[in-house]
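Chain lettering (A, B, C and D) follows the sequence in which the chains are written, and residue indices restart at 1 in each chain.
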Amino acid sequence: MLKRFNNILTPIIAVLLGIIVGTIIMVVSGYDAVAAFTALWNGAFGESYYVGEVVRQFTPYILAGLAVAFAFRVGLFNIGVEGQFLVGWLAAVWVGVAFDLPKIIHLPLAILAAMAAGALWAFIPGFLKARFRVHEVIVTIMMNYVALHVTNYIIKNIITDNKDKTDLVKESASLRSDWLQSITDYSRLHWGIVIAIIGCFVMWFLLERTTRGFELRAVGFNQHAAHYAGMSVNKNIILSMVIAGAFAGLAGAMEGLGTFGYATVKGGFTGVGFDGIAVALLGGNTSIGVFFSALLFGALKVGALNMPLEAGVPNELVDIIIALIVFFVASSYIIRVFLDRFSKKEVK
Amino acid sequence: MSLMEILMIVVPSTLLWAAPLVFTALGGIFSERSGVVNIGLEGLMVIGAFTAIVFNLTFVDTFGNWTPWIAIIVAMVAGAIFSLLHAVAAITFRADHTVSGVAINLLASGLTLFLVKLIYDKGETDIISQGFNKIDIPVLKDIPVIGKIFFQNTYWTSFLAIIVAIIVWYVVFKTPFGLRLRSVGEHPMAADTMGINVTKMRYLGVIISGALGGIGGGVYAQSITSNFSHSTISGQGFMALAAMIFGKWHPLGAMGAAIFFGFAQSISIIGSSLPFLKEIPNVYLLIAPYVLTVLALTGFIGRADAPKASGTHYIKGSR
Amino acid sequence: MNFVIEMLNIRKEFGGFVANDNITLQLKKGEIHALLGENGAGKSTLMNVLFGLYQPEKGEIRVKGKPVKITNPNIANDLGIGMVHQHFMLVDTFTVTENIILGREITTGGRIDLKKAEKEVREISERYGLAVDPQAKISDISVGMQQRVEILKTLYRGAEIVIFDEPSAVLTPQEIKELMQIMKTLIKEGKSIILITHKLKEIMEVADRCTVIRKGKGIGTVNVSETNPNELASLMVGREVVFKTEKAEAKPGQGVLEVQNLVVKDPRGINIVNDLNLSVNAGEIVGIAGIDGNGQTELIEAITGLRKAESGSIKLNGKDIINQTPRKITESGVGHIPQDRHKHGLVLNFPIGENMVLQTYNKKPYSKSGVLNFKEIYKKARTLISEYDVRTPSEYTLARALSGGNQQKAIIGREVDRNPDLLIAAQPTRGLDVGAIEFIHKRLIEQRDNGKAVLLVSFELDEILNVSDRIAVIYEGKIVAIVNPKETSEQELGLLMAGSNRKEAGEHSNA
Amino acid sequence: ACGKSDNNKDTSKGGDKEKAFSVAMVTDVGGVDDKSFNQSAWEGLQKFGKDNGLEKGKGGYDYVQSKSDADYATNLNTLARQDFDLVFGIGFLMQGAVEEIAKQQKDHHFAIVDSEVDQPNVASILFKEQEASFLAGVAAAMTTKSNKIGFIGGVEGAVIERFEAGFVAGVKAAKPEATVDIQYAGAFDKAELGQSIASKMYSSGADVVFHAAGGTGVGLFKEANDLKKKDPSREIWAIGVDSDQANMGPDIVLTSALKRVDNAVIDVSTKAKDGNFPGGKVALYGLAEDGVGLAPINSKAPNKAAIETAVKDWTDKIKSGAIKVPGTRAELKTFSAK
């Protein structure tokens, strides 16, 4: 009981510690911390518009977080979410732009295309790992760069005629909703959040409740034992990357069919994939953890945009706070030690 | 273009690219050989780049020509100090090494940009006036053919990187320190029973990685970008990490891998001027370095084994 | 009295659990002092205290009469105490010499002087009769060799007192013999030895005195010359122990496993299993005797599908199963108690309950259309845990937290419960105490009596002789002899395992 | 139609007379000191603010820097919600976001730089970059001795293509025998790529290199400075872009192709303030509108005077419409300076 309580308390303390240290940094640098946090709060929850934006940001974070977490549970470190995300984004937009279909077919088709693209992109490192034992970290890093250049090339030379931006996806492939926008005062909130939440559930169910998940987890913990038990280690490695890639591709679809509605040529990475790593790790690589850490990230990121304007505080401060929170969560062992000591004293 | 001309362009630019990656990858080797996974190399480079540029801008009038050299020493110290965070988290607080490394990356970029805004009241620094410059290496530059290709229009830092890689190889494989470092990364309990202080060795490994990562960042900023902004270090730390793995945690291997990355990059740049590559759409050249790396790993490098205990915590008395 | 080491009233706790409770052990100069106790009795803990890895809560340690505080292994080394650990403390990727000099490197000009170090290692190894190749990599040498390296490590550091923690658990009979010889040599050279072992025979053979501990408490010290194995065993367990496992005559039935002309290559391309023929019938236990490295592991891995066979045939109940997937083979009726329970047998980070369905999770009732049924899984786990006496706080406890013996019981429970036609047991009792061994042997025989075929691989000749109905001797990848346990002796087996042919072996043992 | 909507706006907002006209901008991830168009835009905004007695901050003039592409819309919207009368989106990357927010915030004015948004409350600011780079091409052609000239582009796109086409046209016009080596880095923020490309160009004989590559171009100056430092007698030049980049290397920066985003920002702001907001229109800024230009020629340039004269000539010809500078590769093919 106490242990479970501490399990919940530890991340909360980590968040508090992050905020405290962030405050100290602000005070030392001569900024008004109260104004900064007020601005942060207002920028995240102050108006229904910002709430909508937070949820909008939260959506791809969940899915990118799941993409990292899922692979992690099978013992693979998927740094390639960014690339899988980009190809998913492009695929969704491509289908969204190129076809004219009823919504009931078009939207799922576009989403499936994104998942398939992300899955394909992740299949390569998964396959190379399984077949040739090539370290997935390097391959996924390299695949990120390849994705960036290839998607840029496709947007410029294949989807458009030398333009930097595709057309808007057709209404029939859009996740946007006038209703959601109207209740949040024109935020870009879209139906993707429903998909992301389903994604959380799917990951949980798949890993914890199915025989396939049993295999994946077994492979993650001990490949030899999994092999001994008759599971195909290679198949599960590839499968885990493919599923992770599908999550990442889905995250891309959120941007392509929801937030933006188009794809553009990019000068560099979006950062969503890399934030996904932090989201997953902060969430302990569980789906429920990813859900909450994505929410925290989304709120902090969106709220931060308001800080320079309203409080004159650089929004990098929020990056510092996020980093500190990750750091303290990582160091939760030491927090636990303190908590244990504390609770022991209480008992006595 | 003649082959000679091509080489005269490709080789120095390869080495220029490679140098910061070599330093940083060497840093990674120290950390991982001691058993601490260091995905925070990117962040350490950021700290190094930031420190070097700020120092350079501030003290260029005092130190003149020597400024960039002193700046990389300062960057080295800053990287070492910053890496202590990773060490404390990963070793003493038993944090997951990867999580802690990610925190280091996030913290480094947030903190440095915050400081840039605080110090300069804008999003990026000015351009330094004294960076690392192109040089011809005296004497060696006159060697026929070789001299022209390798020792002209090049940078001292490139050669420093190669020399440091050789020194690191010597230290890691030929000295008691190296033996102990490696033993701690392979089997910390065995090292402990031999009276080696596992915690101390791991701290040293991480701190040295911070120092070298700092140098890597400082070299990068002062020989390539000339200022510090959010995009100064964008992925080089991960490339260094890749070089380390590619090089199988071996200093000379990592150096070779870094040079290979540099070479692939240079080819992607010069490619469009080579007759036989001219017709190829640019995108193929842009992705060439990354695809080549993957192919190389798949084709003839194959499996790479990390130090056995890397990523684990050594808790005295546990089994 | 001339004690080199005195551990007086030592108490060591692990977060409330008392592993050593007021234990006293006194080591005379020049003696081999055995330390005996069940699994988990606290032997390793006591020795780790002596070696400076753990700090005792209470008690005093004296070296040559002087009270000392041993706060880390360096101090132990300086006091002349060396330890050969139960689980080897060797860096696989280093050479023999590097492992030995680690922490006490010989340098010239800041650089490790490997030449000089190798020379020194060679000198010591010659002096104590511990032949090793100083330049060999640890991962390339046999377990017996590795143990020599461990011993050399202590000698290199000038140890006067050497602690051996279960040194024979991993050795072949020949190697054990050599080890006993080595210990005697050490004593002759003026060293003193503490020996932890579960094998009473070894104690009787080499030890001078024996201290017994039970559940963390000291029971007492006896002179070996004044005692016998039965007395030692009952001191240790606290009750009478039966040694010879009771079993009825085997009633072999039809052939279950038929291996013909099997060839398996190792990664270097050498035929590690070389044209091997073997058959196991229903209702019998066939024991494979052999020195480690003669192809036992590969043979079993080939039968169970964990390793690719090059050629030949493996038939189960007449059906060819060669090079099928482990899943197919398991499902055609093979149970496998693997040699390395941590590597293959268990997912240590899974609850023990989930480990119980490691192969059957995808079958009814444990899952239905791909969805797990935890209720059924844990129900099964509870049954097996009580049936096989697995001592665990609960079925939800991670397998990692169980002791080796209990992990092994869990695996055996799981494998036997699947009711396989062929049960393969590789080193099923390695490192276990007498009580646990007895339990496991009974279960194997029970399987046989139920008309199943059992294939037992063990380096323990006692075990082979005791449990098997037929013994197949493996040498260089071939079955070189099939003998009847009742008509052979340990000597004969030993010689066969070393490659002498049947006739020679028979002559020798007769002579 | 556009004019009408403007008038509507003015009447609707006519009530609060006390409220000063306020204006703000959203930068892309570059920030206001990117030594490129964000910086230039911000300088314009600051100047406008000062000239009109505004304070930095709400109700005056301000900017918000985006941290990713996803932030554009949020930032534009935030500024509109803070009741800035006019909000600039700086850079073609913001096109989609501006279009979208403009549709929602119909009674706010927006402007987009470097792209077109067809909404009644959006002014699209485009530049005739080709005219500035044409002049840069003339300067380059008249400076080169090797007759080899380099062009480094950032990411391929319409804007950079205008720079490229104009530059090549300028070179051809002034010195038909000179060749231009064109290479794109694929990024606007990779100085190392710029440096490697520059290194390649200089070592294969080019002696003047022009960049239209934002931060990537920093590498060009680094390389040129390096070479110059190593061998001061070597005659090599670099040409900057957007703002006057002379301070990037007093010895090597020949001139810069100016894109006066600042002027355009001031112009549109002033018009909006005066009630003449060019909503729904494309405001095109070329040499004639003082929207583009060429920075002063480096005083160390060998034939500075001759270049200045030539530049002056061409400027007049372009302004008068006597020649039309090509803005695409296709147009370049048919271009002739005669």
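Rule of thumb we're sticking to: a contact is a pair of C-beta atoms (placed from the backbone, for glycine too) under 8 Å apart; a residue touches a chain by one contact, two chains touch by 3 or more.
These numbers were taken from a predicted model, which means no experiment stands behind them.
Q: Farthest from chain A by Cα centre, which chain is it? Let me know.
A: Centre of mass proxy via C-alpha means gives C as farthest from chain A.
Q: If you average the CA atoms of chain A and of chain C, how far apart do the two points sit, in angstrom?
A: So the centre of chain A lies 47 Å away from the centre of chain C.
Q: What whole-number Å value describes the gap between the mean CA coordinates of chain B and chain C?
A: 45
Q: Quick one: chain C and chain D, Cα centre-to-centre, how many Å?
A: Centre-to-centre distance between chain C and chain D: 76 Å.
Q: So the centre of each chain is just the mean of its C-alpha atoms; given that, what is the distance between chain B and chain D in Å?
A: So the centre of chain B lies 35 Å away from the centre of chain D.
Q: Two or more other chains in contact with one residue: find those residues in chain A.
A: Chain A, residues with two or more chain partners: 149, 152, 268.
Q: If a residue has to touch 2 or more other chains to count, which residues of chain B qualify?
A: 231, 234, 282, 286
Q: What positions in chain C touch 2 or more of the other chains?
A: none
Q: Once the touch criterion is applied, which pairs of chains come out as touching?
A: So, checking each combination of chains, I get A-B, A-C, A-D, B-C, B-D as the touching pairs.
Q: Which residues, counting only chain B, touch chain A once they are in their complex?
A: Listed in rising order, the residues are 85, 89, 92-96, 98-100, 102-107, 109-111, 113-114, 117-118, 231, 234-235, 238-239, 241-242, 245-246, 281-283, 286-287, 289-291, 293-294, 297-298, 301-304.
Q: Spell out the part of chain D that touches chain B in their complex, as residue ranges.
A: 29-34, 65, 156, 181, 183-184, 186, 189-193, 195-197, 199-200, 203-204, 215, 218-219, 221-222, 225-227, 229-230, 248
Q: Give every residue of chain C touching chain B within the complex, in rising order.
A: Per the touch definition, chain C meets chain B at residues 48, 51, 53-54, 72-74, 77, 83, 85, 87-94, 98-99, 101-105, 107, 110-112, 153.
Q: Using the touch definition from the top, list the residues of chain D that touch chain A in their complex.
A: 29, 58, 62, 64-65, 67-71, 73-75, 77-79, 81-82, 92-93, 95-96, 100-101, 104-105, 154-158, 161, 186-189
Q: Please give the residue numbers of chain A that touch chain B in the complex, ascending.
A: 25, 29, 77, 79, 124, 128, 132-135, 137-139, 141-143, 145-146, 149-150, 152-153, 157, 268-269, 277-278, 281-282, 314, 316-320, 322-324, 326-327, 329-334
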